[in-house]
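One chain, chain A, appears in both complexes that follow, with chain B as partner in the first and chain C in the second.
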Partner chain A sequence: MTATAPARTTAGTPAGTAQVPAGAPRRRRKRQWLPYVLLLPVLVAELLIHIIPMLVGVGMSFLQLTQFYIRNWTGAPGAGLDNYRFVLQFDEASGKALLHSFWTTVVFTVVVLACSWGLAMLAAIWTQHAFRGRGLVRTAFLVPYALPVFASVITWSFMLQRDNGVVNHVLVDQLGVLDERPFWLIGGNSFWALIVVEVWRLWPFAFLALTAGMSSIPAEQYEAAAIDGAGVLRSVRWVTLPNLRSVNQVLLLVLFLWTFNEFTVPYTFFGKSAPEQADLISMHIYQNSFVTWNFGTGSAMSVLLLLFLLAVTAVYLLLTNRRRPVDA
Partner chain B sequence: MREPTWFRWSRRIGLTVLSVFALLPVWVMITTSLKPLSDVQGEFRWFPSTITTEAFVEMWRTIPLGRYFLNSLVVSVAASVASVMLALLAAYAVSRYRFLGRQAFSVTVLSTQMFPGILFLLPLFVIFVNLGQTLGIDLYGSRPGLIITYLTFTLPFSIWMLVGYLDSVPRELDEAAAVDGNGPMGAFFRVVVPAAMPGIIAVLIYAFMTAWGEVLFASVLTDESTRTLAVGLQGYATQNNVYWNQIMAASLTVSVPVVIGFLFLQRYLVAGLTAGSVK
Partner chain C sequence: MELKRIRSAVALSVAAASLAACGGGGDEGSASGDDVTLTYWASNQGTSLENDMEVLQPQLDAFTEETGIEVDVEVVPWSDLLNRILAATASGEGPDVLNIGNTWSASLQATGALMPFDDAAMEEIGAADRFLAGSLSATGAEGQPPTAVPLYSLAYGLYYNKAAFAEAGITEPPATWEDVIADGQKLTTADRWGMSIEGGSVSENIHDVFVFAKQQGGDFFDSDGKPTFDTPENVAGIKQYVDLIQTDKIANPSNAEYSNGTEALADFASGKSAMVMWQAAAGSLEELGMDPADVGVVPIPAPAGAEDVSSIVAGINLAVFDNTDYKDEALQFVEFMTSTENQIALNKTYGSLPSVTDAYTDPAFQTEAVETFKSILDDRSVPMPAVAEESQFETLVGTAVKNMLAEAASGDEVTEDEISEQLAAAQQQLGG
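On to the complex of A and B.
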């Protein structure tokens, strides 16, 4: 779920479902069974890879599934709501750690979203109208998105090395901004290192989506704005942004879900033990499950994470869809 | 619209800064892969002191990179081909028919995309281990096991992308095929699939890229013999000496197939995005 798709924007729009295929009703009477036959393989696959594992996962969260029972999970004693009570005990160490990880992830997500969207919006506005070298710049921007995440994150961790990395070389030796060489992958700095790398990797996707959205804005709208005396800023405010509404609605949601669930970047950076200051929620659950081998509490945390994401998504969609008619 | 001078200057400066930000790791990756080991142990150098391909030769010996490469290739190809084949049939049904449960199916597929991978990892791990224990089916640590888990993320977006591409194939083509005496499946394979081929290949490459970079499942569900590149590359760092030049050479090598695929794909991705977000 980490290295993910530009396709999701396509996927995310309700447009696909809302469309009525022309000529469909005629076939409908004749071959009502055919679509089900076509769907059958996928339904079986969905059952095996999504639905059963999810039900098992929810079931596991109500079991005392410690290392003794992982090989024989039917023998695990029931735990009722104990796992949930345990992980939500915010005055105990484990509950505190979960809460800390949650807030770290919230701050991480907000900062990454704001930076990625901001950079992408600026870059998309700058490259909206043709100029010499535009194609080259656009391709350059997509490179971070094209590289496999693990390869580019490994490169960043070399760049962020204290003694032989390029970042400290520039900051300390060449510009002299800092007097001492800081560690970037240990302690508090690791949180900011994580943000920079996540933004580096994510903003090209937002750029791609916004550029695609801008390319379909009719030129007449800009001409009309220009005739009305609107400058660059005003035409961005009154033409570009309103036209990007539906793109932004989907884009922000997708960016939120990816960032909140991010695992590849911290795992490649820190291996199996992330510093406390950069303990993102996916890593937290992962470490907890595979260090303590208590899959019961791990599953309880996963279920809570899912409920949180569902709630945020539902509220977001309700709010953005309700406001639309007023704005449009 | 005439662009004011301040806008042109802000564009020049802004785009330069962003390009440097985007390409700096690429520069570091390429130059470091051409450095001798002594160059990466001291202070960072922008250029190699001497250009050598030693890292590209040595990297295969420091860790079993060849094996990881093969594992990644097998798993990614199998997962992407399987998910596109499954998804194609489902996408045809969703794109061309109105049937009871169509909406429910679409919403289910869409919503599984937002589920955190960790939610599937824990139960799949337990299921695999217990299947091995009780039925003797060894999915844990095996390539088929990893391929199955990769379908959890390649299948949903393959279905969604393909519905989009099939929707863009005009219905008149189906009807013309029907006039020529083809049944719905004949029309599908003889007319719709060939017309949607660029899109199908785009989805295939995209699924391949996602599987190629996957870390979460691979870090838990593989052992030394089935390890993929995404996890195996970390092996360089556990050596006594950190061979940064070899790590960068290996990172560059494993990136090349994916970047080429992406450049090919770019056109279709942008087309797909525009279609999806504007409708």
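On to the complex of A and C.
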């Protein structure tokens, strides 16, 4: 296992590249249209599946698209910036609710990211070096990721019921840690319950990515560190982490985007309306468009969310990419 | 991710619709022929979607035999039905005949997607006065032709456990809300609560508090259709509901997380609670293993001196999609489904009430429980507000009540001032 890693990373630069453009220039020119034709289906699909719906969504945010107009949505009167004004009036109930939902989501995302990544890092380091049963342990870690979301999240919500749930049964009846049966699906605890479920579902992916990243770190680096007298912590800090830099850069971004947009888990966990304390932004938007039939304001919120995520992503990539040459 | 998928689905269907519109008129040639096939979206009334198919198929076969019109039926689960209708409305590609929850009537009427039952259409399916007046009141905004006709009628009643009442030494079912509370407190013991409620369910919450507010003389919309959420009457109605957990303590605080629409009834069936406010539940209770001899039902009583309202007009309506190519055939089908014979057969199976008065001559509808529900529907029920914003209202206020129950269950006090604030906030979110 460890012996193959260096071979892979030191495999030389492609030697035969110079021979590729040997064909006659005329033949190449003739064929120039081919790549574009081959790309065409993808372009059309991309246009239909991503670009057009997104533009339609943006367009909808400038319309007064209530149930009076969904039948003939091209006839919906323009709303100008009214939808945006409505959702952003932070001194009124609607704006306050959006802001509350936004901050809830920010805290949720930060906690989930920290926990999932931390857990995944610990598990990946533990299983980095071969030991008996490592394959089994790794498989077990991946189980939450392999289970269907709906089935596993519904099971969590059964487990967390106040009267009949197994969690309270263990905490109150068997261990006696708590005297009162707490609520997990409503009230303040629901926020933390949702975090536990989300981390449980998300961390295996981080584990998978980090394990893959670690398997390509040359063993010599660890050996050299060991000779220099570095313990486990130091070799993690000075060998593992720097080598995982690019993996982490992508991993954290992807985890952030997924968590911030998370809909399936809270929707399955809470049903159509989440408790106030756990009102994540995508649920909030769903409530404001599909449930209350006000697609204009729902779209306006979606566009704002999109802009926010774009901004965060851009800043993140800018910062992390700028630092890379210094490190290397 | 789900949201994105829904959004692209909507956009795609919009795109598909415009494509279809471009090539329109291609496949409508045979509209006059005998081989008409109607698409029918049925709601889930039986114990499962398959059960619904089994119940409906013989009726549809009879219709085909009678008229030569084929019916292609699809049973749509409640969680999807409204979204499916909205998507069909946006794309113009939908079923020919469909079921709608009767509280959606005015909202859907506003979209213009459903064919109005004007006098001519009513004439074609019989006459408007065949239907129960109460149920017919929940078919759209006042002063406009109905957007649908009632198919299955339902009402809320107060179910009580006769054995538990006898054991607690109570001889009469409650006649006022004060009785409900007093009896409920007597019935509440270590392993039983006086009443169970589906406190996490937005729709159950809104139906209950709407009735309580009506008893106090409250209205959530004035006669011009303008929202008037934050009134002392509405606050009192909601307080009465929250107090079941908060002050009267006759409902288990855990009820605040009951949200899947079956838990409160299951508690009642298994004896964990002695009363429950529910729509036609006899069949489900028997299926849950409760002895029918123990089941009693009375109208939900109002507080002494309040208005005698005990239920919303609940039920399922039958509508014709306005874009259908087969309007006449669709109306024939509506007539068939609301015929006395079919009303008896279907409502008997589903445990709901017939929507046409003639059907009540059948012995199956002359039991004590059916008489109770019919009297509730006839005299003591109110339709949900017939305004276009009805479903927004249900969601906003129902969610607010859910959150207040959660608060009360966690031991925080829900004051009248807070209810009033929440109602004002809900009303602000309605506009926009």
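What we mean here is this: the second predicted complex is superposed on the first by the 298 of 328 C-alpha atoms of A that agree within 3 Å, B and C clash if a C-alpha of one lies under 4 Å from a C-alpha of the other, contacts with A are read in each partner's own complex, and residues count from 1 in each chain.
By our rule, contacts are C-beta pairs under 8 Å (C-beta built on N, C-alpha and C of every residue); 3 or more make two chains touch, one makes a residue touch a chain.
In this text, all values refer to a predicted model and were calculated from it rather than measured experimentally.
Overlap between chain B and chain C is detected when the two structures are superposed via chain A. Residue contacts after overlaying the shared chain place A:Thr292 against chain C, while chain B stays out of touching range.
Touch criterion met: A:Ser94 reaches chain C, while chain B stays clear of it. Within the superposed three-chain model, A:Ile186 lies in touch with chain C and out of touch with chain B [touch as defined at top].
By the touch criterion defined above, A:Gln67 reaches chain C but does not reach chain B. In the superposition on chain A, A:Ala114 makes contact with neither chain B nor chain C.
In the overlay built on the shared chain, the residue A:Pro275 is in contact with chain C alone; chain B does not reach it. Once the two complexes are overlaid on the shared chain, A:Leu81 sits clear of chain B and of chain C alike.
By the touch criterion defined above, A:Val56 reaches both chain B and chain C. Of the two partner chains placed around the shared chain by superposition, chain B is the only one that A:Val137 touches, whereas chain C remains out of contact.
Within the three-chain superposition, the chain B stretch that clashes with chain C turns out to be 127-135, the only such case among 1-9, 91-99, 127-135 or 163-171.
Overlap of the chain B and chain C contact sets on chain A: residues 48-50, 52-53, 56-57, 70-73, 161, 163, 261, 263-264, 267, 271, 282, 285-286, 290, 302.
In the complex of the two chains, the chain B residues touching chain A come out as 1, 3-4, 7, 10-11, 14-15, 18-19, 21-26, 28-29, 32, 40-44, 46, 86-87, 89-90, 92-99, 102-103, 105-110, 112-127, 129-130, 133, 148-149, 151-153, 155-157, 159-161, 163-164, 167, 171, 174-175, 184, 203, 206, 209-210, 212-216, 219-220, 229-231, 233-234, 237, 244, 247-248, 251-252, 254-255, 258-259, 262-263, 266, 269-270, 272-279. On the side of chain A, the complex with chain B involves touching residues 1-13, 15-17, 19-25, 27-28, 31-32, 34-36, 38-39, 41-42, 45-46, 48-50, 52-54, 56-57, 60, 65, 70-74, 119, 122-123, 126-127, 129, 131, 137, 139-152, 154-156, 158-159, 161, 163-166, 168-169, 173, 200, 204, 208-209, 211-213, 215-216, 222-223, 225-226, 231-232, 235, 246-247, 250, 257, 261, 263-264, 267-268, 271, 282, 285-286, 289-290, 295, 298-299, 302-303, 305-306, 309-310, 313. Within the complex, the chain C residues that touch chain A are 1-4, 6-8, 11-12, 14-15, 83, 86, 89-90, 92, 107-108, 110-113, 200, 202, 252-254, 256-257, 259-260, 388, 391-392, 395-396, 398-399, 402-403, 406-407, 409-410, 424-426, 428-432.
Residues of chain A that touch chain C in their complex: 48-50, 52-53, 56-57, 66-68, 70-73, 83, 86-87, 92-94, 96-97, 161-163, 183, 185-188, 258, 261-264, 267, 270-273, 275-276, 282, 285-287, 290-294, 297, 302.
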